[in-house]
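Structure in structure tokens, see below.
Per-chain residue numbering starts at 1, and chain names A, B, C and D are given in the order in which the chains are listed.
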């Protein structure tokens, strides 16, 4: 359990450190160190879970089970690789005069703050704390979105703030309702503890839980970026610094979905009707299709990929909604591979935008000829995110399709349509970006592409074969969520 | 259920619920910002009262802390900040005309009914007072959203946002006798940070569009031109 | 013995081909009130050509020189497949009717290439037209023949003819269609009026002649002979498939003699009909030919369908 | 052993791809070799000298290219060995590889059907690897890095081989998509042209949609089975409706890859723009993998074949065959023409497969075996000659820098060897006797002629129509390839480039096509060699072999019975040789008649110029008139006028463009629809935060209302 505390403690120290540190110091590197240590701590935690199974802290405040342990490691991992990417990236931004030292300091402080919030969302056993941490994540990132202080970035941040704030307030209402339902069957002090609620799920009042779930879904769904609650997402992704987009897409959305699924498990236990599943399927499919359509008319490369995130989150939500072991397994896997791939893409996108000096798609051309590593990284990342094997995204999409075909065959054509449209939407923009002759005056930038290589390598690995321990966690989590193991 | 059969606490809670609901309506109909802020502070004060009442009646001392936090944050700090902002921007004399004011008010009323309707299934399992309290808090949440939808000033948005928060608090206190302490503190912390951030944002927005009208924040859109 | 007969029959086929051409010309001249050349004139022409020194264009490649040999051998091979006086030939077994059509295609392929080889406008024109017409004619011919082969349930020509012969006189609607289709195709493929005119060198109308414009000497002889062979081949096909009576079924010399007489008679008659038709009908425009051939194709198809629907239905 | 060589083939192709990646790491290798020779293998001066020489900056790229293609060639060789091994021993080998999903390792199954396609791929890859080093030398390293070309070629081949080995849906799809993606990169290899990018995009998009359809098809089966292994899928019990849905999905998916009309549009775009040896692999080999998929899915996985499916295949096949060859005829671009001709050939294969299905479903498995024989044989033949022709086109492009056949001409004298090889390809594809194309067409006709055994009136009349269409297709193909060969090699050079062209220096570039041409001829003469192999495959797949096993003698080909039909290519060859020999001898006897060369007579016209020759569009003009409705013809004639009153014509400009009907009628509306929809959807993002809040509010209220 010490490991879990350590995981929380390190970013907390990080916040304090950056808050008081001298802004002249090499903060990028220090940020990497913090994240690296944190990753080690999460690995320790993971090993503990691997050996002992589910860990519940003595105060029952923290819970680490197969469902969240891999997400914790993933969070730390993406946090680390993104920080590796962000060090030279932010230095470059400072060089070209977009940032000052003070804002850089703010950036690193908030980076650690965001990481803390993420870890807290994942590790806490208390649904109330989960909400607090979720809101904390919004608060930590909102200033990062407006870091450049351009009118657009301020607008984006404001929308992000208001929409997510209002949205997450709904989640709090849902949590209160949940608490209210739990109060009726037990004592108040433990009534928000997920582990307690989960064991007593059958006794909870189904009507209240259904209503609560609506609020929770709308609330956390805003953060997931479910259509029509998604409107903040592309703005925030496109206007903030790119490392921020990477962690938003890779981590925040995942964690919001995690929160929804945790709550869905309770609702499923209580109601037996599949109302939660249907709602999630509906939202998921809608987001998936609308997100895919949005891809087509994008002019900004980061907006493009943020819509792709909406689309993928839609697919995961849909898959969790289907229920069933296959779909759940697929969704869990998809969470992992989407985070890895999307953050890798944002890294390359960040470099691409720096190379071209703009985020406008029609200005970025001939990347492969300008800087082959970035161009290939972007192209292969896009292929991976579009669901081409042997990358892991394919595996999950494959399973989702099969599960859809199995449970709701009439929805399968829609899913198929969505994947097709999304693919076309991505590639019609990416192809001209990476291919072709390089335009005048487009020069390579200093870039560290190891995060991309590592991420895509991992996604490739997951596509070819899922390592034993991860498979074990996935299937345990699947059992936990859907009640049965995959095949 | 007849109100005379209930204890004093319940009666008081119900009255508070009614008052809070009323303040929400008042806010919805307000077109002057300063008055809006005042009503918001009033709502915060009512909430503080409710919390203390609950703390007293239910012998739940940590609710006093909540009450104090509410008082500081929502009755004093945020209204003060907003007021300063409004005065600074010199928009306190502006009268923002609401389109379809009657329509909005009617909508607000039907939202209240709707809240009862939605929460009705709960009645079978709980005391009706809870239903009332929850319904009022739900309608406060919804009215808060409606307020944000209908008002164009960023200040009004903050007020709406905070009043949603008030509704939630009310629900938490009345229906569930307060959340666990750590959660309450966390929420209060979030509200504080949010309030600070709002302050920062007012500054930024002002410097970027020289106004606090959110309708002017529409650069980022997907509409084909 | 069988093989010997088959080879002899093939040789006979090749030898008789110019005679048929001569006879046709003779009939036509008589019908048109002209003085006819001798029946043996085509032989004389061939001998004359083969003894001449051939002149070949500078632009010609090896293909131009090789093509006549290939064209002639392919046509000759096709001829050995078709029973002339006797059925049950081993050559028919080694190459059935589809292969026969394949030989035609082979010959045509090289003829058209030879037309293109010199690089003149005429050659290209001839090749283009030839390929157009044949690509419509070939399927029509296959359809007509398939009607027969499906009736006989064999694609072996000897077998099919023997089958028709043994069945006696059966009136088959499909055969009527197939007969007409085959006649139409034969006219088109052998370059007779109304599709082509073997006697003209007018650029707007000619097809076959345009391709072989540059040939001379023995090469021209080979190609001329091959086209005479082709004419005879179609004649024999029509005669022996639809009117097989008289063809020998044994290797008995008497039967063989009868068979020879029979086929000569049938061919002579056919040639007269063709001459009459050529005298009466005017040549049609090139772009009318497609309608003509589509009609043939349709007839072939109708023949096949009527066989399947009317005659073999269960 | 057999499986080992199959694995080896896969691994070698991977290895060749990875090897290509080190082209940029020369210095690393140099230091590595220095290190190892100094420390590990001391005193091995000869080897060291050899290694050092190859690592020199001058030799290294050439050396590496050689090495990469040698590995690729070995991969092809082992694929052939594995394929032949399994076909001759007639066995089924299964295995598992611990990759894939945790509960589903990759299942491997290597049976005769896979083996046969292994053979096809192996031959194609081997020929390409002979050809490749010479061809890719012309690419400039900065513009077209060899690393990506080599890498994706290796992956492409490996993907194709893995598709054949797959025995579960998951691995199948991975391999399938690996094949698609790798070939996508190859299509996009010369990405500086916008047309290439567009083609690549279209290709990948359609590959993706097709793959999704295949996944869904597997999904249908899997929902009635437990598990994704093919063994489990075989056991699934489906109603006719569901199995028909699965069939349609599979047809969509595999058909899209195979290039069946009207979902063929990617094919004429993508094949021409890839490097020629890749076009050869894509057209010659990859399309066959799609055929394999369809056969595997329909005959193996779906337990019951329905005759209606056969009808669908026949109709689609007929349309593709006719449309393919007609479109091919109109193309002035050689590789585009060849690509359309692939559509035609795939159409023929589909048509014959349809016949097979009908016979299978109506209880005539022996005839079904005949049909399968014809289909597989044609697939094999098409692989040979299409590969050959694409490689030939590559040589032409390499030597003349042209692909427009209107710009060539007279090359038979400049490039005699190439022209001979190309002629063999043209003759095979035109299905002339003595070559392989004819044999498979002959078999197809034989299959169609068995229609008498059927009871169903619809089928009895449909199949003859299809046979008629097949005959028409063959005749049109001959016309088309007369045009191709005639315009490219014969006549006079039409452009400066072709006038200056000369034979390729690198003899290996000719060796690949020569191998294929030799096989075309060999198989045309001794078809029984291949038929014997296919017979084993159909024995395993359908449980039936040919009705007449005597067909397998080397001399005679009589698949049904000797009475019904027989063909003996060796005898025909001998007879042809004798006939040609006799007349050659006879006519050459007179020494006075040696050939005299002279100016072209041309009706005495004189002054012949290359511009007077027939062009591609002139040659096909009659066809254009006859089949007018098949194309969208955009013919424009502009006259430059001059002189008094502008009455005299000084110059005439003629422009002809021929378009595919499927664009404006199928694809453009879809693209337009998606765009419109996207624009409509875009409207919800107004940029106004109050609207956004309204969405949340409405959603909340709606959901609450819904729930209560």
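Structural remarks
In the analysis below, a residue touches a chain if its C-beta (ideal position, glycine included) is under 8 Å from a C-beta of that chain, and two chains touch if they have at least 3 such contacts.
Quick caveat, the model's predicted, so the values are computed rather than measured.
The greatest centre-to-centre distance from subunit A, using averaged C-alpha positions, is reached by C. Put simply, the chain nearest the middle, going by average C-alpha positions, is D. Distance between subunit A and subunit B, defined via averaged C-alpha coordinates, is recorded as 30 Å. Subunit B and subunit C, compared by their mean Cα positions, are separated by 99 Å.
The mean-CA centres of subunit A and subunit C are about 77 angstrom from one another, to the nearest whole unit.
Centre to centre, using the average C-alpha position, subunit A and subunit D are separated by 43 Å. Shared interface positions of subunit D, defined as residues touching 2 or more other chains, are 679, 682, 684-685, 689, 693, 696, 700, 704, 707-708.
Counting partner chains per residue, subunit C shows two or more touched chains at no residue at all.
Among the residues of subunit B, those touching two or more other chains are numbered 118, 121, 145, 148, 157, 214, 217-220, 222, 224. Every pair of chains that touch is listed here: A-B, A-D, B-D, C-D. Put simply, subunit B touches subunit D in their complex at residues 111, 114, 117-118, 120-121, 142, 145-146, 148-150, 152, 157, 214-215, 217-224. Across the complex, subunit A is touched by residues 118-119, 121-122, 124-126, 130, 134, 137-138, 141, 145, 148, 154, 157, 161, 164-165, 167-168, 171-172, 175-177, 179-180, 182-183, 186-187, 189-190, 193-194, 197, 200-201, 204-205, 208-209, 214, 217-220, 222, 224 of subunit B.
Residue ranges of subunit A in contact with subunit B, taken from their complex: 126, 128-129, 131-133, 135-136, 139, 142-143, 146, 149-152, 154-159, 161-162, 165-166, 169-170, 172-173, 176-177, 179-180, 183-184, 188-189, 191-192, 205, 207-208, 211, 234-235, 238-239, 294, 297. Contact residues of subunit D toward subunit C in the complex are 409-410, 412-413, 423, 427, 430-434, 438, 442, 445-446, 449, 451-452, 455, 457, 460-461, 464-465, 467-469, 471-472, 474-476, 478-479, 482-483, 485-487, 489-492, 556, 562-568, 571-572, 575-576, 579-580, 583-584, 587, 590, 592-603, 608, 610, 612-614, 618-623, 625-626.
Every residue of subunit C that touches subunit D in the complex is listed here, in rising order: 50-59, 61-63, 65, 69-70, 72-74, 76-77, 80, 91, 93-96, 98-99, 102-103, 105-106, 108-109, 112-113, 115-125, 127-129, 131-132, 134-139, 142-143, 146, 149-150, 153-156, 159, 201, 203, 213-214, 217-218, 221-222, 286-287, 290, 297, 300-301, 304-305, 308-309, 312-314.
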